[in-house]
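Since the structure comes first, as structure tokens, the remarks are kept for the end.
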Amino acid sequence: MQLRSLTICAIVFFTAGLAVASFAGFREFIPGLLQGALITIQITIGGCILAVIMALVAAIAKMYGPWPLRWLAIAYIEVFRGTSALVQLFWLFFVLPHFGILLEPLTVAIAALGLNVGAYGAEVVRGAVAAVPRGQWEASVALNMPRNLALRRIILPQAFIAMIPPWGNLFIELLKATALVSLITISDLTFKAQQMNQTTFRTVEIFTIVLIMYLAISILITVGMRALETVAARGMARGR
Amino acid sequence: MFWDWNYVWEIMPQLLRASVVTIEATLLGFLLAAVLGLVLAILRMSKTSWISVPTAAVVEFIRSTPVLIQIFFIYFVFPEFGIVLPAMVAGVIALGLHYGAYCSEVYRAGLENVPRGQWEASTALNLSPYITFRDIIIPQAIPPIVPALGNYLVALFKETPLLSAIAVLELMQTAKILGSQSFRYIEPITLVGAFFLVMSLVAAALIRQVETWLNRSLRNPGGDR
Amino acid sequence: MTTPMVKFDNVTKRYGALTVLDSLNLEIAPNEKVAIIGPSGSGKTTVLRMLMTLERINDGVIYVDGEPLTHMHKNGELVPADEKHLRRVRGNIGMVFQHFNLFPHMTALKNCMEAPVHVLGLSKKEAEERAAELLDMVGLADKKNHYPNQLSGGQQQRVAIARALAMRPKVMLFDEVTSALDPELVGEVLNVIRKLGKEHNLTMLMVTHQMGFAKEFADRVCFFYGGKIAEQGTPEEIFNNPKEERTRQFLSAVLEAG
């Protein structure tokens, strides 16, 4: 099955990367690299959770909220999609302290990436909700359901499956964007790579290993999302 | 006082100069991406699997890993082979490579979306493959391709601040330098953000225009205008 | 005279410049079975959708069981209804759609339980009993744990009928409920509707192209033409002695086709 082969692939890549690292005389750097990978994974998970929450809230506010909320949601979506992730990260990192808001770099990282990807996610949610056939809304009205009940119990569960693949892509985008946090002093995988590069000058090996580690994490995300899709589809009794 | 207009006017000329670098990097990077993408797409659609499979692997690899590391990689690796690239060139190559991988998928989807029946109908009409491609396939493939490429142009544009990591003097790097000189980051970084916001909103509107225009003139020539 | 269960009072519906229903007046008595027939585009579906509040009306008032549906009394005046009023009055009405509109992510039983639990506030147990009983009535006791895509069209439509009935409406609306079905499945759905008519106190409004069924089942037939009721009467009057030329043309066209 494709799922299993992907998992195996990820594990092979990861161990191969580590093997290359250890045989090429990088053994001493392995703990550092793994620490960096751990930070990268932490930020990815935190950012993904925030992104999903922001996307749901913003999409629902944009579609069904009263006008002040709707405009707020539109402003959020447009601003965070229209400016770049690095600008947002720097803005939170350099500008917020001017307003007396001092946050941990890790918090800034998760907030910036989560907000950024959440804005893209809002459009994913909106598209998936809009793709649920109109008849489902009409049946809900005919059963006298209030709108938020219909949304929660009838529409969103159906939109959920359609959202999984695009969310998989967004999560990978988020993983890739975590590399930016190395620029605000967080010692993630990219930061460690830079550090090692500056001390050893073995650029090709170092960056190849680190790229492979990112690839492995992104394959893990793909595998996880495929699995989620299978489980969700089973709940819908589709394809049976 | 959070916002200082005097300071804004003072730094404006430098930021404007830097924005030229940003736009240059965007256009050059995208040019590279568009061409490279086409090459990758053709290789990936090749019928010989020892060409198509490795190409697919490379495309997936590039797409699944951070562009920042790709920038570092290119910037630091070439000197090892004795070729010293200016930061700007290395950055443009990295961006072009990364988005070339994305663009290749756009071309591929566009070409594969033209129904098989169109090829079959053309064969039935005894059109040569060249004519079929030029008059039947390309006109149908272009309307979805162009707006998708446009979206990646905007995405690449928004990724140019990463070049600040290798000290290219584009907008973000300039803003950071200005900020560190005056200890005022609010104005430069906010202005950079505003610049990106305005440019991407304008670009998005343009892409929508082009999209409607293409749909009318290529899919439905002689239709209502 | 008893209050009509449903009353359209000078109701007008427009889409832009197109007037789909033109000052419609129609009263339906409690327990009455009304069949609506007429050519495509004459506004039949629109009548039902307005009554289900799926479409706004532009003019006039709709009453359900003597109470305004689309409007409410406020300081002695009739003003457009708010959501709360709409939901209270709408509770009297159930609808079955041409394309079933079952919830694909729920089993037949869950489809029938969802609204009773969350709208009427029934306990899970009560709702399940009610749903099981209704599924039994429509002949699907053995399919209650099937998902919609595991059921045939006719079975899905019968679940949809049970789902609407679970809300205990006083008025049931049927919009061409057999049109999307293969011919051999039409009978099972019509049988359920027949049974409903006999065993339940329900006011029914049905749009149908099954002239045979309308003739046998309905108390009254309304022939719509161009957004108006061109002719109405008992099935005998309409099918055997139509007065209007347009009715005659429509009926002969339908008979020829079918």
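All chains are identified by letter, namely A, B and C, in their written order; residue positions are counted from 1 within each chain.
Keep in mind that, in the parts below, contacts are C-beta pairs under 8 Å (C-beta built on N, C-alpha and C of every residue); 3 or more make two chains touch, one makes a residue touch a chain.
Chain-to-protein mapping (UniProt): A = Ectoine/hydroxyectoine ABC transporter permease subunit EhuC; B = Ectoine/hydroxyectoine ABC transporter permease subunit EhuD.
Worth saying up front: this structure is predicted, and the values here are computed from it rather than measured.
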A-B versus A-C: which has more C-beta pairs touching?
A-B
Just to be sure I understand: the centre of a chain is the mean of its C-alpha atoms, right? Then which chain's centre is nearest the mean of all of them?
A
Chain-centre distance (mean CA atoms) for chain B and chain C, in whole Å, is 54
Expressed in whole Å, how far the mean CA point of chain A lies from that of chain C is 47
State, to the nearest whole Å, the distance from the C-alpha centre of chain A to the C-alpha centre of chain B.
21
Chain A-facing residues of chain C, complex
52-54, 83, 87, 90-91, 93-95, 97, 99, 101-105, 114-115, 118-119, 147, 149-150, 163-164, 167
For the complex, which residues does chain B have touching chain A?
2, 61, 64-70, 72-73, 76-77, 80, 158-162, 164-165, 172, 175-176, 179, 184-186, 189-190, 192-193, 196-198, 200-201
Could you pull out which chain A residues touch chain C in their complex?
133, 135-136, 138-139, 141-146, 149, 153-154, 157-158, 235-238, 240
Touching residues on chain A, where the partner in the complex is chain B:
78-79, 81-88, 90-91, 94-95, 98-99, 172, 175-180, 182-183, 190, 193-194, 197, 203-204, 207, 210-211, 214-215, 218-219
